[in-house]
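Shared chain: chain A. Partners: chain B in the first complex, chain C in the second.
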Partner chain A sequence: MLTTNQDVALALEEIVRRYAPKNRAAIALQPETHLTNDAGIDSPRMIDIVLGVEDRFGITVEDDDVQRVRTFGQLVELVSLRSEGAN
Partner chain B sequence: MRSLLDDTLTALRDAVPVEHSIRTLAEELHEFRRTLPVEEWRHWATRNLREHQLYPVLLEDPFAQHSARRPRGYPGDAELLDYIYESANVRSSVERSSERGQRIYGYTHRAPAPAAVRSRLALAVEEIERMADGGGRPHILSVACGHLREAPQLKSLQAGMLGRFVALDQDPLSLELVRRDWAHRGVEVREGSALGIIRTGRQDLGSFDFIYALGLYDYLSDEAGRRLLAAAVDMLNPGGKVWVANFTEDLWSTGYMEAVMDWWLVYRSEQHLAGMAEYVDRAKIASQRTFFECEKNVAILEVVKA
Partner chain C sequence: MKLEDARRVVLTGLGVLSPNAHGVEEFEEALRAGRSGIRANPELTNLGFACQVAGLPDNLDGLRDSYFDSVTQLGMDRYTVLGCIAALDCWRDAGLTVDPDIPDWDTSIVFGSGIGGLETSGKVLVPMTDAGRVRRMGSVVPERVMASAASARIAGLVGAGGQVTSNSSACSTSTESLLLGYWAIREGRAQRVLAGGCEGDSPYIWAGFDAMRVLSRNFNDRPAEASRPLSATANGFVPAAGAGAVMLESLASARDRGARIYAEVAGGAVNCGGQRNGGTMTAGNPEGVQRCIQAAMRSACVAPAQIDLISGHLTATQGDRVEVRNWRRALCLPDGRFPLLNAPKSLLGHALGAAGAMECVACILQLRGHFVHPSLNCEDLHPEIAWCDPFIPRTCVERELRVVAKASFGFGDVNSCILFRKFNT
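Now for the complex of A and B:
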């Protein structure tokens, strides 16, 4: 079970890198990293990331929440919150 | 490739007819693309071509410029397709373009890929009309409806022969336009994404006789596409059908679209597209087939529910 933000961040790094364009897959994912502008995640790839997150963490992420996520840090925060709620 | 870019620039500066120059460029880019690994091609396209003096000239074409600029933050938005449909709401943008830009646009928006976009729309219109003519007031759902440019062509919509027509999109700007133009005809506008359908099934939208997604699969991964199709079949009435369309791999303007317009699609062969039905429970399928629009650049997968 993933219990800390750090665990969540590590798992999310793997998921985001899997769907980032290959020329950006090596980018350092910091809390302030902008998922679209820096990591090249467009809306179709965000669908893949959310599906990956839901499968990995066993949670549901609402559309509205996804729309608000801009940075890697916000994604970590969102998944951590949802994971706490699910446990 | 450098000399090709130089030659194209010279030809466009000399104001010779643009068709030959743009077509040659597109064909050569396509061939070049085929010789390179994906990431090398992407690197060449985003660096070498876009740093060449030719690039700003090509972007005088308002269609290419809109695509490259992505004003709504994502590729292939509904307004981009309006350049293909020659819609009134992009007319001023075209008229503001340079004379050379308008000439390039005159060619690019009539190239095979845009022709296929118009052709797939015409097929959807035919299908809806056919269902409406059969009586029974069909319930229709357009997924990722954009500006719903099929609506003006639908006599059945004007005549009130459709039971329901639900237009679903995640872009509020697109929905605002659909609401303005078509709510008075009974079109129901709903905000929502492919993700929402995949996750919840969106049973709240109701059940339908025809669900279609004309442009969405050009952007979805296989996994998302398979899940979406399975969810869409669950939203069908018995005997209802789903259509998903996808550009195929042989499109010769692919290199131009990617390098110049920064428009990267997910291309699928007819067979690959058929595999999108993999997650659908076989017991729920009465029939399945794939076919092409008349330009043969877009394949359509049809799944009919048992």
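Now for the complex of A and C:
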């Protein structure tokens, strides 16, 4: 069971890298990293990331919540929050 | 720059991924050797197809992984993978480079398919929709199944900045692609057009044809003998997958950048028989075919006697006899005179919308290499066309060629015919 934000961040890093363009694959994912501008994740790929997150954490993430996510840190926060709710 | 050079269209790059070869050198060698790309296909056997043989490029999964990273692959149906491999090979063969930042505003893409991304539709789109799981489908289905998926993906890979489009006209598709590119350059709308076609290797693509009883079914135990154009024992076409790509370029542009020139497009034509006078959705109106061939010759200013080789459509169906008769009537040559005639599908099978482009690549290689590839499996020529026996090579013939004609015909009664000429300055 993932209990800390750090655990969530590590798992999310693997999922985000799966969908990042090759030329951005090596970027360090920090809390302030902008998913579109820095990591090259466009809105369709964000949907695939969310599906990956749902599979990995056994949660459902609402579309409205996803649309508010801009940075990697916000994504970690959202998933952590949902995971706590699921637990 | 001479005005004439801007309107002459030459071929400066080739790419091919076919059932019997990958790449220009390997393809030429396979053509010369008369190597069949048809194999037993256990998947079709398991699915209960009457046809259990097919022509598939070797090691497609390995090639896909070596050409495209995993993120790029997410958005590609298998037919797009085939097309992009041939297109990238063609781009490199033409001596062009890819700029990561600036589009190539002078290059267009016309890359077609007869069927498209049916593998993705069959395995992802339809089952997930029917199961009420649309929310879980993921984001890539539209870019995999849209009719322009191949040309759009190629454009991104090479950075094409001209017109980017996909045409579709059944089995006439990719001969038509070349002509659309040829006309775009002739009209001054592009300096270069990467043209061609691709077709995937999915049973979903072939099932409807098996259901129509038009696929080969009597030679499942002898795959290399299954594709039998012109033969008395022809029993339907062998389904195949593949892709062919050519770089069409204005002579002026080719000269400016010192590009190698394979051959010149002399002219061509497309039309439809209107599904009248014998023409239907699945059969050609003979007058339409003959008009198309004659219009192509007029456009190229080529007389029938100047054609050295016909690369036939010749699928190994009943249409073969009608096609040969149409060529004879369209050319109207004296008895005893006829160009050499070969059937590339005897080696490759029938890759539907990719067939024309792969076969055009074969024509260009024969023109450049001064050879005529053999037609396989027609030792027992159909009696109705016995007269053309002397003109059909069963082994590779070394011969100087000046003009080669390629025709493709498709469902819908659509026709295309392109003439290639040896390049002379």
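The working rule: the second predicted complex is superposed on the first by the 87 of 87 C-alpha atoms of A that agree within 3 Å, B and C clash if a C-alpha of one lies under 4 Å from a C-alpha of the other, contacts with A are read in each partner's own complex, and residues count from 1 in each chain.
Here is the rule we use: a residue touches a chain if its C-beta (ideal position, glycine included) is under 8 Å from a C-beta of that chain, and two chains touch if they have at least 3 such contacts.
The shown structure was predicted, so the numbers you read here are calculated from the model rather than taken from an experiment.
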item: Overlay on chain A: chain C relative to chain B, clash or fit; value: clash
item: Partner, of chain C and chain B, that touches more residues belonging to chain A; value: B
item: First, second, both or neither for A:18, with chain B first and chain C second; value: second
item: First (chain B), second (chain C), both or neither touched by A:76; value: neither
item: First, second, both or neither for A:66, with chain B first and chain C second; value: first
item: Chain B versus chain C as contact partner of A:44, first or second or both or neither; value: both
item: Partner chain in contact with A:36 - chain B first, chain C second, else both or neither; value: first
item: Chain B region in steric overlap with chain C, selected from 45-53, 63-71, 117-125 or 171-179; value: 45-53
item: Common ground on chain A, meaning residues reached by chain C in one complex and by chain B in the other; value: 19, 21-22, 44-45, 47-48, 51
item: Partner chain A, residues of chain B touching it in the complex; value: 38-39, 42-43, 73-75, 170, 192-196, 198-199, 219-221, 223-224, 227, 266
item: Sites on chain C touched by chain A in the complex; value: 69-72, 74, 136, 138-140, 143
item: Chain B partner contacts - residues on chain A that touch it in the complex; value: 19, 21-23, 36, 42-48, 50-51, 54, 60, 63, 66
item: Of chain A, residues touching chain C in the complex; value: 18-22, 44-45, 47-48, 51
